[in-house]
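Below is one structure; the comments refer to it alone.
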């Protein structure tokens, strides 16, 4: 009997949480993680937010200290155990001292009723290879497992593996075994699914098997994207989410471009397996990196509504980029809109009905409701139209007359014969629920 | 109010029919078409088969007469009207004489309770451009509308259009107006959706609009493929079917490769809009082309079952390539398997559960039944496995115990705890229905 | 005994002449050609200028009449003989009436002591293919020889040939036999050597053999370029000149870029075989094309000196683009600088000694003199340096002391120990002769 | 005054010598080098052979010890000084002990009247970067100079440099200063000029400047090739030789292919700057690598004559691949053919007159003689022809009648009117001298 493809054992809906990168870049520390977790537990958890994810370079000593020159210090010191496994830097994560790893921090976060996630880079530390460190449960040392010609184009920390050696599986098993001991619930694995890089197909399989073997239902998130559309089915068999875009930031052209990407990936979700539009760069972000000061998201309120509406009707994972302790009321309102979050979590059959340079229309439904989102992609106010027969053709419950409500404005309206037209401000959205 | 995207007005399920190409290449004539139609009306119509499609070069005088040198005679004589519109060659289609076009033939086919289809090439006849023929309802002549640098790589008959001129729409309107007068129900448009050719995006839109404007619900089929996966949504808005493969013939490597293509395109059907795996090269085919003799399909019975099962569970259009009057009992039995055809026509949510070099598993369901297909892609007998929890995860009705039947053998079996394992001969398939 | 590769029988030095394109585009007529020829005979011939070349579309009826829409009218009327050979349009070339072709015009030009050239497009007229015209000395008609999938990307007049048919040679033989009868001395063949187009290797060989067979030493010039550096040796075996650039016009960026191209092609000349930098767009040019008015060359006097110095030290063919009857004294002085023209015609071993973004240095020599050219490629005045030992290393006659003269200014100077430094205005050049 | 481009100060003719790679792969030791040098001094020096070159990984501890798995051991131990400069492994090069580097070995080789060369990889040792070793005369450590994303595709020893940092020049200066102290006469720099790799343009310039600065006229040889034809002029300004091929071995298809490469690069030599056809794999080679046994060159005697004739008429560097102490009389005769070696060393104006799939003809001349080489590239005996007028056209001294001698057979012949025809065995060559 073939074993189940168990990416679904870890997830039943798109994950919702917070990720440290958009504010802290490579530099977040334990106190900052806990402060964000505490905020989440108090203010957001009841709406479904639960993952607290530490992004890249938690193992790097002095990460960010040369940020005017480098995002990632080349050949910088990293903290490792004797088995070539990266450990949190105790200077930034004091509770990890004494070889405890992320266990104490994970415990605290679990105690808040939340889940704990970390970022990793595909491969094995370059330092481990050059130091010939051991690999757990093997006779090999890291220099024998690392592929010296397989590197990441933008981060200097790792070598890819000689992925066809049996020990490659044992190495990943040793990693996820450790992460399971720590209590990790979510792993974002980077440098592994970009369409213009050589395929890391085999490494994805190794990691997927390592998660199955570790005994803990760890969510697997692949980055950086844009992922390869031709591998859509493969991702869904082996991972819980995969980025369909390069890093997304607070810029209208990037947001408008996401409509193209969602069109391409529609219909390719599966239970527990979701195309990923990247973090939500709203609230206060950009707090670390070189001389940069933190900033308020450059997306206008209309654009933030558009972003939230698209991510939710598409059924994307939701990961907040903002520093949570600095959330303003408007941003908080976006993140606690129950009706919208319900669409993200329980929506099915999301379909784009129309996309042009000027407008887009999407539809999805939960067990109870149908959501119809009309987006104005123009720089001026515009009447966006939708023909309701189309939705019925696609198997959505036909509009049966009567009042329908707009989610953002609360306005009540009804469909005219055959359709709906709605005047929408520039870059804004209207989501009709019926 | 934006006009409906009406590709669905012409179709409610994947079209089923016969196409002249696999047997007759460029050379079919009226009597042969009628003989196949008569066979279909008598033997196949009750099973849902209804389209009778005349493939390429019905307008070409002497088509096939130099088949040892050329499939398509360069700069050969074509039959046209004064408005640069190709007409059937009366030598092969006598009823078209006197400017009646395909109307008399379509009438006869309609009288049998069937539907009538033709093939066209994108663009305008080269001969029309060089002769400066008129374009209906415009002041232009064909030389002003043809783009001399836009040609087909493999057929010499046409130029592409200067598609941004307003008259380009009027030209296609004039074609489909004529086809509507003739009573055409189905148009297979070629040289229009191949991934390694420049996009014919604009010409697809022109043709889609021409069909809307002509007042007859003509099915639009795009060829040759492989179509561009990045334009999946666009095809579904503008056409009823689009080829996901180059020409498919009776070869196991091509058939095995179709599993890769179906994986890629799964989930991208919509009502009235279907990815197309090309004609079914079974029965007696290859009757015309140079010195070649007609042949029996080179696919073994097992491979033919595999082909029929894949096309039907994927929900592909079904177009028979065989000369119908020469159908043998085995082939006929494949084409009249009611339970399998019902899967093709009424199946929903088709999903691949697994694909390796050795095996593939697909699932789909109709309102009444679930179909689970296990394919052995190996050259030896093999036990193929399936874990039934996976299907339930995807929202399929869970197996509730009891007997299930295998479609091809009639065998009764039941799932073991959690799954099913089945010994399958090389290149064969088992389809479980429950 | 293998036949000689006789590209050298037609030429002993880079050809010098006038080409109609830069001023007349597709529209030159007989009177205009004769006026330019008369000017050349009177004012330029004594300096070595001798070719008078009619560029593209002398066979096209109404060429230029729709120049606001098209440079080349698609599917326009062309003048042909019964053997698919293009003839001059008698409306523009009255002396060609009665089937005399270019013979009368060539006679007049020869009577002035000059040579006569024409432009052709690779291939066979599309009109001939569609009309099934005959091919001389064969049983084929043009439709059987034309390759319908082999076209030019920018001109609609021709099809490429099925170049492997024996009749393809006979067709080109028939063309060059006619050109020999007319008294053609120079053929510029277009659409035949561009690096981003499929190789027209075989057609170049056919044309080369046709020239050998025709009995007249016709110069063969290949266009449009940039030619393929990997076919350098092939060009030199089969043609007299080949363009190393796309069309060159009067723009400093294009001129600066020519230094890169000359660097690439240095050392690849052979007697009678020359890399070609395209026409000299100086004087009054641009007299035809749509609404455009004629203009003075946009190159400054300094840039024109730079252009002339580079073409001549590189040993490039020299083809004047200006309308000769409108030559101003400065331009005339450039075209009659005997010492510079001698460098072009008799120079040997041209080598670039140095090239950076800011400067370039070239050296060449004739039997009597050494020429050292220092180019300032900057937008400001600059001191350009040259180390003379380098030239001696390359086998040039070492500087033996004493005065050396600068060609453009007439200044006398001498080398300092080991080298020379010279202050040069922006975009200008100094050529030292010793 | 701009400094001279002094690649010529190190060389006046193509270098001739021996390289350890073809026999010893990565494993040569001091005794073996000295044995080959001693043979050269005794038997070959009088013919012009003088360079003794130690190829790749003289710094690698245990090089070759895992040759069944790896040619180059990943992350193996290397010998370095405190300034990140690789040193010879004292286990293989005992005289280098105590920090003396290659000085003692170079001294011995110089004492034999020979010259001494080494191989280096572009860049800085990975180990130095990971250990943060110092860089001489800078405040940087190797981690700050190494570019972690710039690696060699096939050798794991080095990182490329952040070549735009000023310290990158200082690093290369420190290397060549050390090599000058050692007495190195020749450096073969690898991973630096392959057409399908990113350009190492800047690193070539850095090395060229370092050689100028070191005060010793070190020959610079670039590898692995095929080099970029578009950078031909740049190579000639900055290096003494550059490989026009990937590694060349004893195989007829590779040898035949070299004719294509020589055609491409003809005319692009300069004094002291030579396109390089790679080592001569004749005699006994392949003595090290995994389980392989040494072998006699797989080239037949005819093919070896062809190889020697092509390299010499083309004017290529000559580097013997054979273990010299095992030279057989035939191979020795090839390496001591004074007349052929004179062609290599003193030949000028080498030109290919003809190349087809079946034959090639080259010509070159020294001050005294003209050499005309006819190659039979067929697998059967063939008459190869040559038209002598062609050579005269190219400026070669015309044949003035009388006897001419064939270099390999000693036969006397004379040209017939206009040319020469010669029956040549398969894969063989005839070189006529007059």
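Going by the order they are written in, the chains are A, B, C and D; count residues from 1 in each one.
Keep this in mind: a contact is a pair of C-beta atoms (placed from the backbone, for glycine too) under 8 Å apart; a residue touches a chain by one contact, two chains touch by 3 or more.
Please read all numbers here as calculations on a predicted model, not as lab measurements.
Colleague: According to the touch definition, list the chains common to the neighbour sets of chain C and chain D.
Modeller: Correct list: empty, since no chain touches both.
Colleague: Suppose each chain is reduced to the average of its Cα coordinates; what separation in Å results between chain A and chain C?
Modeller: Taking the average C-alpha coordinate of chain A and of chain C, the gap between them is 60 Å.
Colleague: Which integer distance in Å separates the CA centroid of chain B from that of chain C?
Modeller: Chain centres of chain B and chain C, defined by C-alpha means, are spaced 53 Å apart.
Colleague: Scan chain D for residues touching two or more other chains and write them down.
Modeller: Residues of chain D touching two or more partner chains: there are none.
Colleague: If each protein chain is taken as a node and each touching pair as an edge, is the resulting graph a line, ring, star, complete or other?
Modeller: Looks like a ring, each chain touching just two neighbours.
Colleague: Of all residues in chain B, which touch chain C in the complex?
Modeller: The touching residues are 74-76, 126-127, 129-132, 143-144, 146-149, 151-154, 156.
Colleague: Which positions of chain C touch chain D when the two form their complex?
Modeller: 1-5, 8, 229-230, 232-233, 237, 263-264, 266-268, 270-272, 351-355, 385-387, 389-390, 393-395, 416, 418-419, 421
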